[in-house]
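So that you can tell them apart, the chains are marked A, B, C and D in the order they are listed, and the count of residues begins at 1 in each.
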Amino acid sequence: MKQLNVAIIGYGFMGRAHSNAYRKVNNFFDLAYQPVMKVASARQADQLDAFAANWGWQETDTDWRRVVERPDIDVVDICAPNNMHLEIASAAAAAGKIIACEKPLAMDAAEGQRLVDAVAASGKPNMVWFNYRRVPAIALAKQIVDEGRIGRVFHYRSRYLQDWTISADVPLGGNTLWRLDKSVSGSGVTGDLLAHSIDTAMWMIGPIASVAATTETFIKERELQDDPGKRVTVEIDDACAFLARFAGGAMATFESTRYARGRKNENYFEINGEKGSVAFNLENAHELGYFTHDDEGHLRGWRNIQVWDSDHPYMEHWWVPGCSIGYEHTFINALADFLGGLASGTKTCPDFADAQATQVVCDAVLQAADERRWVDL
Amino acid sequence: MKQLNVAIIGYGFMGRAHSNAYRKVNNFFDLAYQPVMKVASARQADQLDAFAANWGWQETDTDWRRVVERPDIDVVDICAPNNMHLEIASAAAAAGKIIACEKPLAMDAAEGQRLVDAVAASGKPNMVWFNYRRVPAIALAKQIVDEGRIGRVFHYRSRYLQDWTISADVPLGGNTLWRLDKSVSGSGVTGDLLAHSIDTAMWMIGPIASVAATTETFIKERELQDDPGKRVTVEIDDACAFLARFAGGAMATFESTRYARGRKNENYFEINGEKGSVAFNLENAHELGYFTHDDEGHLRGWRNIQVWDSDHPYMEHWWVPGCSIGYEHTFINALADFLGGLASGTKTCPDFADAQATQVVCDAVLQAADERRWVDL
Amino acid sequence: MKQLNVAIIGYGFMGRAHSNAYRKVNNFFDLAYQPVMKVASARQADQLDAFAANWGWQETDTDWRRVVERPDIDVVDICAPNNMHLEIASAAAAAGKIIACEKPLAMDAAEGQRLVDAVAASGKPNMVWFNYRRVPAIALAKQIVDEGRIGRVFHYRSRYLQDWTISADVPLGGNTLWRLDKSVSGSGVTGDLLAHSIDTAMWMIGPIASVAATTETFIKERELQDDPGKRVTVEIDDACAFLARFAGGAMATFESTRYARGRKNENYFEINGEKGSVAFNLENAHELGYFTHDDEGHLRGWRNIQVWDSDHPYMEHWWVPGCSIGYEHTFINALADFLGGLASGTKTCPDFADAQATQVVCDAVLQAADERRWVDL
Amino acid sequence: MKQLNVAIIGYGFMGRAHSNAYRKVNNFFDLAYQPVMKVASARQADQLDAFAANWGWQETDTDWRRVVERPDIDVVDICAPNNMHLEIASAAAAAGKIIACEKPLAMDAAEGQRLVDAVAASGKPNMVWFNYRRVPAIALAKQIVDEGRIGRVFHYRSRYLQDWTISADVPLGGNTLWRLDKSVSGSGVTGDLLAHSIDTAMWMIGPIASVAATTETFIKERELQDDPGKRVTVEIDDACAFLARFAGGAMATFESTRYARGRKNENYFEINGEKGSVAFNLENAHELGYFTHDDEGHLRGWRNIQVWDSDHPYMEHWWVPGCSIGYEHTFINALADFLGGLASGTKTCPDFADAQATQVVCDAVLQAADERRWVDL
């Protein structure tokens, strides 16, 4: 196995998820590359050290600029908040590094385009961690679509529902709640959750042609996490719903919120076509709904495919049929695909250009909501 | 249409269900016979009159003996409590009437055999109202089995769970709670609920060869409904579970109780065979689970067949695809089958002889529980 | 019981559903009024006669004008296609009749307003058959909302999905497929299915303030049912999706189609509020999902309320706990409410004015789709 | 952190699951002990070396006797087939090692008792890996029972259904199919699957007092995996069902099979008590069904608790609410409990004595099936 030195920037929730992936990927996948957990970087030294010690990063450095320029580093993995993606990824591209960047690609499409240009200039492999493509059931849905089992698509139906910001007492900003601070996150549910939904949708059935949207900020003011007495205006979209027309003719509804009481992580999509339908809900991630009109009339019904057999995507690498994997495995599967792509020389999707297509739709959605009109893409 | 004069004996819950069936069957089924709601009979005159007025029975008579001997009566429908089945059905058979009798057939197999002999002597059509055979999804399960889609059967799994007698304050006896009084009901859940389960099971996969069982009476004493101060010992089986081996080799578990908190009417069965499986739950009566190993490997999954398409059993007679029918329709479907059988001269199952086979198993189950041993049939 | 002479106009699917309701309502509800099935009217004499004979309508008349003017008629029930509602209901109002009209109220809001004015002038009771308000689980959802258990509403999510027009071989027009002929139906899924969704939504959480929409006609041309060789352009909306903002601030998505493979009658809605959520799917009509944040933290979860206990809306009139009712019972429940309202002198919702509010939203939705802009109400 | 040198014996499926646990436990749990993956032992050198290299075991040794006697080894983890548990565990106990042994404890209760005596003599901590106790939802069920929310227990209902041996072409024996060889496994589904069910049941509601059972071997003869031409008689129980009475009075049904078409890993149990019920299915391992009669009447319903909030057992150690864990995490949770117990000096359940209680029930079940009678414990 060839070793690949990795630098990770950021130690938050995604920093943990990626670290776990680096530690495990070679236990389960037979790969030409072995990632070496070389150096972790973030601003706060003590938390960084604890993070590195816990996960086995060999070194730490609070200066990410120095890290991305180290000649011994092969891969820069960006888990820093969204507002730092542009700067870090640009520097890493300039330094000729392979880049794996958390989603969304950037604060907006303008930034995203600069990053697409930067990696194009470097010519190095790059990936954006839209990890849900690596849920085996979602990969199976894609396979079913590609096998022609759905036929002409009439409808795409997507929602991503959570409920963790309903309380007005949830503060904003700081290390863990920067997703509520627009200056750091770029947007609310649109960039955080709908970006996943849009990435999945376009992967499944192609580009989006036009959108109409509405957004809302239900809680208008929150306390700062880092300055408890101080209250600030919330500027992100707490919720966003949009209609879309795909280039291929399908109609679509998308919705996302963090105010759907009782929905913890309902990342749902459904495709209805002439010959069949598929339906997926992340809250039952090991299952895929599939309906085919090809079944005999009196025996037709939605199939609940439990996606844990050895002939299902990714599953031969894991345990035995009937044994579930979980959230973290989507990152390990993604990493395995990325390392496989490095070895074979084929690009791993979604790369920066793919992620930029999603970013462009996100921008159009927010614009459509602001301007109360349909926006064509 | 030929008219068929019906006499109903009993006005309780089943009296209502049957009356509704007589009123509706010709609205939905194209039949050679039209039942005429001629006379209703029961002991308590005032309640009988109210019942007859509500449902449109033309006459009432508190003397069932007189009723069953009326020459203008073609069909005697027995909805009286179990301890009256023997006497009424014997008289009706002796009078040469067509008989439709509520289940269970009798208090025990000895009584049941006398009734089988009586109707054999009369040579007249007869039916026992095991209405669940007429749930479209159960009829579809039977069709799937008969089409050979299950193959060699390994397992049968049955339960019938309710929770309405958990409170020690529920009284016993009287008009509405005679099911808790062994002298009237013959047994508890075994005759009331397991009789359904056994009838379905043997209809699906054939005769039962041996059983081992256990029963329990959780609430040992209850107040009499008709004599509130007085407490009596409860003698019925509150719950019964048994193992069975079918003549065809399949293993089975059966269980029934009225003490399963949260289970209102869970009449469930599942068949596992070499080629496929079916599963049904009365609490979602319009659905049938079906799994076939014949599906392509990566697309296999339990199908949820919504049994409301026009090519499903009974459904062409009802509304349009996607519109559910309910509990009461099982009786109407059963009646339509019975009237159809009268017209065609073919017997309608289950008749007294079929119901007696179930009665024999019920007796064996109670004996096996009493004697703590396997009983062979 | 006071008798109420009913004239029914139309013998199609709704004619059957209403006839069944008239036949059954007094068997199950204790009411001051008893509807008498006096006369049925429709254009085709032979089919009308068969219909009347099957259901027990005493007389028939192919001239509906004569019927609505009969002095012995108390109630005119309109089941004729949508394009006849205006004329028939206007005449019935002018004749001073009580009116029960199928939904949608009219071809469009302009017609609807004329009808609202007409019944206002007559001062007689009137109702529009939005039967789904009488699904016990939907009535329970309303009760839960009214009990304050949801709190401030953030989201309303609605879809009504069917799949029966996917085949290009389905013809258009005639007796049974007039819903595909815009000149008869007024619109496609918007008036047929979304009208239900909108009625339910506004009943639950109040008026809609603005909408953005998109519609599609997937199959552009169909054969005429009554003129098999001839193909015509399909003008109805095969599918319609819209975003809405409620006056109370909630965001909403609505969608309806007849092209959702595998969805037979998925009339779904979900309400997410500060304190709790409810969710309903007509395909499991006896169930209501309910989530309350008031439950203890480690025990919180969506409850699956099986709406067949005696303390649930309407259910004390039916069988016993655990016994399901079906599609047809929504009409019987509606009729019982209407008859109850006649007796008590209180209006039964939705009346023509309520139905007109829905009609106005339907029109706005279609306009928003045509003009690709938000329409304020 | 104190280091704890571990020797693992066996490299099969459980060897992988345990290795993964050793690698990950300290990343997620804050523990006083850190396991060191010191040495792996098994008979076949090349496969052992590959296993050790893949997982990071520092050394290998094909002689397990030498391994368990190494003074630098603190913990012996036994993943070898069942027929080797007695010998290895006895030697490890004699050498004064801490022991973690896979389930079932032994080939039968006689062997199990010798092991209980051996660890009692050594006085060292010991654990048997009944990993399903560490499914968060099962731990939550136990918590609910212990909180008194179920009340007097009436019923326990358990099944463990798989379908992987239906094909007569599945061979027997060798490295991966020794579970079908009675001389290696001791029994079929009884020791492999029902042992889990029995362990869970007795943990939940106490000891079992008596059993009646039936077993079957559906495929009578199979080819040897290691000697393809040769066919041998299958001696294990392919399926086993039993009735049980608990010492506390509850009735129970248990069933297990590898012949339930479409059931991949349905490890189900349900408890019905006076006040409430719980239900669990390993195929949806992140969910727990809970019904409480304490809810208001019209709002009662089974709750689907998604067991991934931070106040649920084990979940604070993992990702964020709404992110699932999988099969492998049950072993990591178990290991964390075991290491925590070593630190605190409290025994971790189930230890050898607890596992022996399960073994005794397994033996009684097989005896009851053989002798066709109830066996009292």
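Everything below uses one rule, namely that a residue touches a chain if its C-beta (ideal position, glycine included) is under 8 Å from a C-beta of that chain, and two chains touch if they have at least 3 such contacts.
Here the structure is a predicted model, which is why all the values come from computation and not from measurement.
For B-C, the equivalent interface among the listed pairs B-D, A-B or A-D is A-D, as over half of the contact pairs agree by residue number.
Contact tally for A-C versus C-D: the pair with more C-beta pairs in contact is A-C. Among the remaining chains, C is positioned farthest from chain D, on the basis of C-alpha centroids.
Separating the CA-averaged centres of chain A and chain C is a span of 42 Å.
Chain C and chain D have Cα centroids separated by 55 Å. The multi-chain contact residues of chain C, meaning those touching 2 or more other chains, are 300, 302, 306, 309. The residues of chain D lying in touch with chain B in their complex are 154-155, 157, 159, 161, 163, 166, 212-214, 216, 218, 239, 241-243, 245, 249, 251-253, 255, 257, 259-263, 272-277, 291, 293, 300, 302, 372-374. By the touch rule above, chain C contacts chain D in their complex via residues 140, 143-144, 288, 290, 292, 295, 297-306, 309, 311-312. Within the complex formed with chain D, the chain A residues making contact are 13, 16-17, 19-20, 23-24, 26-27, 54-55, 162, 164, 264-265, 283-285, 306, 308-309, 319-329.
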